[in-house]
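For clarity, chains are labelled A, B, C and D in written order, and residue numbers in each chain start from 1.
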Amino acid sequence: MAEIVSLKEAIGSLLNDGDTVALEGFTHLIPMSAGHEIIKQRFQQLTLVRLTPDLISDQLIGMGCVNKLVFSWGGNPGVGSLHRLRDAVEHDWPCPLEIDEHSHAGLTNRFVAGASGLPFAVMRGYQGTGLDTYTSTVAPISCPFTGEELRAVAAINPDLSVIHAQRADRKGNVQLWGITGIQKEAVLAGKRSLVTVEEIVDELDRRPGDVILPSWLITAVAQSSGGSRPSYASGFYQRDNDFYIAWDGISRDRQTFMSWMNENVL
Amino acid sequence: MAEIVSLKEAIGSLLNDGDTVALEGFTHLIPMSAGHEIIKQRFQQLTLVRLTPDLISDQLIGMGCVNKLVFSWGGNPGVGSLHRLRDAVEHDWPCPLEIDEHSHAGLTNRFVAGASGLPFAVMRGYQGTGLDTYTSTVAPISCPFTGEELRAVAAINPDLSVIHAQRADRKGNVQLWGITGIQKEAVLAGKRSLVTVEEIVDELDRRPGDVILPSWLITAVAQSSGGSRPSYASGFYQRDNDFYIAWDGISRDRQTFMSWMNENVL
Amino acid sequence: MESTEKYTSDEMMSIAAARQLRNNQICFIGIGLPSKAANLARRLHAPDLIMIYESGTLGAKPTRLPLSIGDGELADTADSIVSVPEIFNYLLQPGRIDIGFLGAAQIDKYANLNSTVIGDYHKPSVRLPGAGGAPEIAGAAKRVIIMLRQSAKSFVDKLPFVTSVGFGSGPGDRRRFGLTGAGPTVVITDLGLLEPDPDTKELVLTNIHSNVSVQKVIESTGWKLRIAEKLEVTEPPTATELEAIRSLVSAGE
Amino acid sequence: MESTEKYTSDEMMSIAAARQLRNNQICFIGIGLPSKAANLARRLHAPDLIMIYESGTLGAKPTRLPLSIGDGELADTADSIVSVPEIFNYLLQPGRIDIGFLGAAQIDKYANLNSTVIGDYHKPSVRLPGAGGAPEIAGAAKRVIIMLRQSAKSFVDKLPFVTSVGFGSGPGDRRRFGLTGAGPTVVITDLGLLEPDPDTKELVLTNIHSNVSVQKVIESTGWKLRIAEKLEVTEPPTATELEAIRSLVSAGE
């Protein structure tokens, strides 16, 4: 059953230097405050897993917490590049960044395999692309019935998976709604899991389209109001688009970025 | 986009003798009236696919519509045996019945593969059981990353998949809730699909835990109030347990069964 | 607080099984005897037992005994309902289930189960319902509890069909088959409890219900049954247990 | 009803793309140019276009232009929202999508796309965002429409990286790669439209926007561009089209 703890305590006790950590939230319910806590506690040499690395990934990379990124689309949604990600890949700053790059469908199926307790998943994809060449987590596989050649993608099972959700009850059952992306699979694939929530309530009144994650599937729950800001949490607050645009300027220059992080996160 | 038609017309135009037809509904929303329509229209030599063959399967088999059954648990839930199924398997009455038998997990993954447009799915199962011996739709497969031997199950793509749901709107979008089992995968795996519904409404007001099947994933929708009776449709009517118990007596004897079918279905 | 009331051997069996379950255990429940025992445990010492049924209902708290694994009572009282693919692929297969709770028509000395056919597969003398969720529950649950009534016809030397694997033909077979759970830890019958020998994996009679003779158990077993050196006698039902089991009303009644 | 108003080449591109879409087509939409064109089509001749975004929103009817594929505006106006595994495995992979609508940084003469890197993969001069949903959209959608601005830097003879396959190195490659969709049918740029030759699969300029010279298109193409024998001139935007595109307001504005 999930323990309800503080965010600081959760990150401190569930994460270790060198761990593989997934921060999921497909363009919605992004676990920003959990990422900030990882930066504050100065974790190092993490492998960061995230389909859509965005501002929080840019910050973790720029602060030198990450030495490997597993991802499928790394941009500032609707704005442009992630400059800290680019600086790390293009110029090894602040440290070299190894990448294991996939398509959304591929990384999604790696999570599905991880959630299913299987060592791999099967899909039709990657064929003919350059992606096949640069990863060791995709391999050809033949259908034993038809002979068709497909692709196997290796399961991903992060040491810690972190997501953000709207609510939990006092037993640690979690409720999320709106775009729920790959979050259920991320939690299930994780060896340990942490869910930050906007609020903790006595009773989860069900909503259309909601996803319930029972307490017995989660390691820890931490309250973190506004935990997705400047992204959004449906039913609580909207995306701060101005900040996403401003981030392009803040992140473009190393010193401006460091100053901003010092003032606003550390 | 789904066409809204009568049940009679739907079955008449979407099904052919010799087809593989899935009637799904995992202990809830069982497409009973669609099964009756198949019997009335005297379809022959069908391959019937259903995880949990129950009364409707017993009737289709006893009436000689089916010469092959793909299934994973064939009983009268909470009561006992399906006597028409047993009579067909044990004594070839009214005709020999070939069976392709699976576990729930296995047949479920055959539907998942079919819904995913893949020729097979991977799972950990069947190993050490007798089931492996008697089906050609399960095969060993090795993980290209770990070498672990797992099982591949062949995709199933019925010519027609039929499910029952609570509601549709006038555009043919379908809504179901409660135990929704394998129904989404059954519809998606079908080359053609038919959804019978309790009612057709102007607007589908969403409910917690509901599943929406957009009109563009469905071939036809037919209204059939009480279409799951004597089973149940959450929000509409409860299971008629007395009838399930009575069926044990009706179905035990060939003549009693035939008389009952003549009086109540044909 | 032993009851002075009479009780049936079926009541003893259900009560003995219910006693195996604890609060917060995640229990994947087959219909019939296991469902009755689990629901009894919830009414006694394990109100927070987490019951999972293969129909997709998670955390069901039925007020009446469900008639099938897809009973509306389970759906209406569940914390949430997931699809059947989720139940098997996301919850059972990865080993998240503490206890798989199974019944069967027949069992052998290595706790392998048959619920498929009696006789030849293609021309069976009795065609049983088949596997359902059992093979993968038996394979992937962290451990398995089995319940069935004991007789020479149900406890057989050789199964006509292995639907679900206990220990195959002995130690090492579970690993060889790639089964990830630990397998059966106890078989509860109307006569007593059998547990696998840690070394040989053969079922050994470790408990006998009061008022049952060892001779009766031996005669009700189709193989040469091993008896534990320290054979315990099952505590008879308490008045509370009997009252609870007798107040269990089936849904629809 | 040609407008007498001035319009930009970007407006012409979006309008030309919007004209490709029809009611009840199921369209899997990339963010940026494709999203703008699809939303424009919905406001003009295709109000019943079925828009699918990879975030899981089905049948979104945004009143404002979404800023990302997971914009709240898409979620709030969708018929339903499914998980990302469902979008890729149940809806895209089996070929249920009529049109995959993609942008890219670069394209080659066989309509292969690059959105990954400029330069060497390990030491790129420009690290682009990467694949996202594009490779499987390009593979599995029944057909693909591509939009990007035309220049010698974006229309290149050889891609540094193939993110998504158009026709590989020519006819037969899609089948060889096991790609189930028919591939790109048209590339819409700010200068004109290119379509694959039915036999060679090489892109051919088939339409030119009014006020654009063929010479300009040739100079904006990094390979020796083939021009269709019957080169058509794109209908200029109508007043209705221009009004619609100018009234498209982004979410959050």
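Quick note on the criterion: contacts are C-beta pairs under 8 Å (C-beta built on N, C-alpha and C of every residue); 3 or more make two chains touch, one makes a residue touch a chain.
Every value quoted in this text rests on a predicted model; they were computed, and no experiment measured them.
> Any chance you could name the chains that touch chain B and chain D both?
A
> By mean C-alpha coordinates, which chain is most distant from chain D?
Following the centroid criterion, the farthest chain would be C.
> Taking the mean of the CA coordinates per chain, how far is chain C from chain D in Å?
Computed from C-alpha means, the inter-chain centre distance equals 58 Å.
> Distance between chain A and chain D based on Cα centroids, please, to the nearest Å.
Chain centres of chain A and chain D, defined by C-alpha means, are spaced 28 Å apart.
> So, what's the distance in Å between the C-alpha centres of chain B and chain A?
38
> Would you mind listing the residues of chain C that make contact with two or more other chains?
80, 89, 93, 140, 180
> Can you list the residues of chain A that touch 2 or more other chains?
117-118, 123-124, 148, 150, 184-185, 209
> Sort the chain contact graph into one of these: line, ring, star, complete or other.
If you draw each chain as a dot and join those that touch, the picture is no line, ring, star or complete graph.
> Per the touch rule above, enumerate the chain pairs that touch, sorted by label.
Result for touching pairs of chains: A-B, A-C, A-D, B-C, B-D.
> So in the complex, the part of chain B that touches chain D is made up of which residues?
Those in contact with chain D are residues 1, 115-118, 173, 184-185, 188, 212, 214, 216-217.
> If we count contacts the way the header does, which residues on chain B are in touch with chain A in the complex?
117-124, 137, 139-141, 143-146, 148, 150, 152, 154, 206-210
> Give the list of chain B residues in touch with chain C in this complex.
Per the stated touch rule, the residues are 26-28, 51-52, 71-75, 77-78, 81-82, 85-86, 89-90, 101-105, 108-109, 111-112, 123-131, 134, 148-150, 178-182, 184-185, 209, 232, 234, 238-239, 241, 244.
> With touch defined as at the start, can you tell me which chain C residues reach chain B in the complex?
Contact set of chain C toward chain B: 31, 54-57, 67-72, 74-76, 80-81, 83-85, 88-89, 92-93, 116, 121, 123-136, 139-140, 161-165, 168, 173-174, 177-180, 251-253.
> Can you tell me which positions in chain D touch chain B when the two form their complex?
Per the touch definition, chain D meets chain B at residues 24, 26, 50, 58-59, 79-80, 89-90, 93-96, 140, 180.
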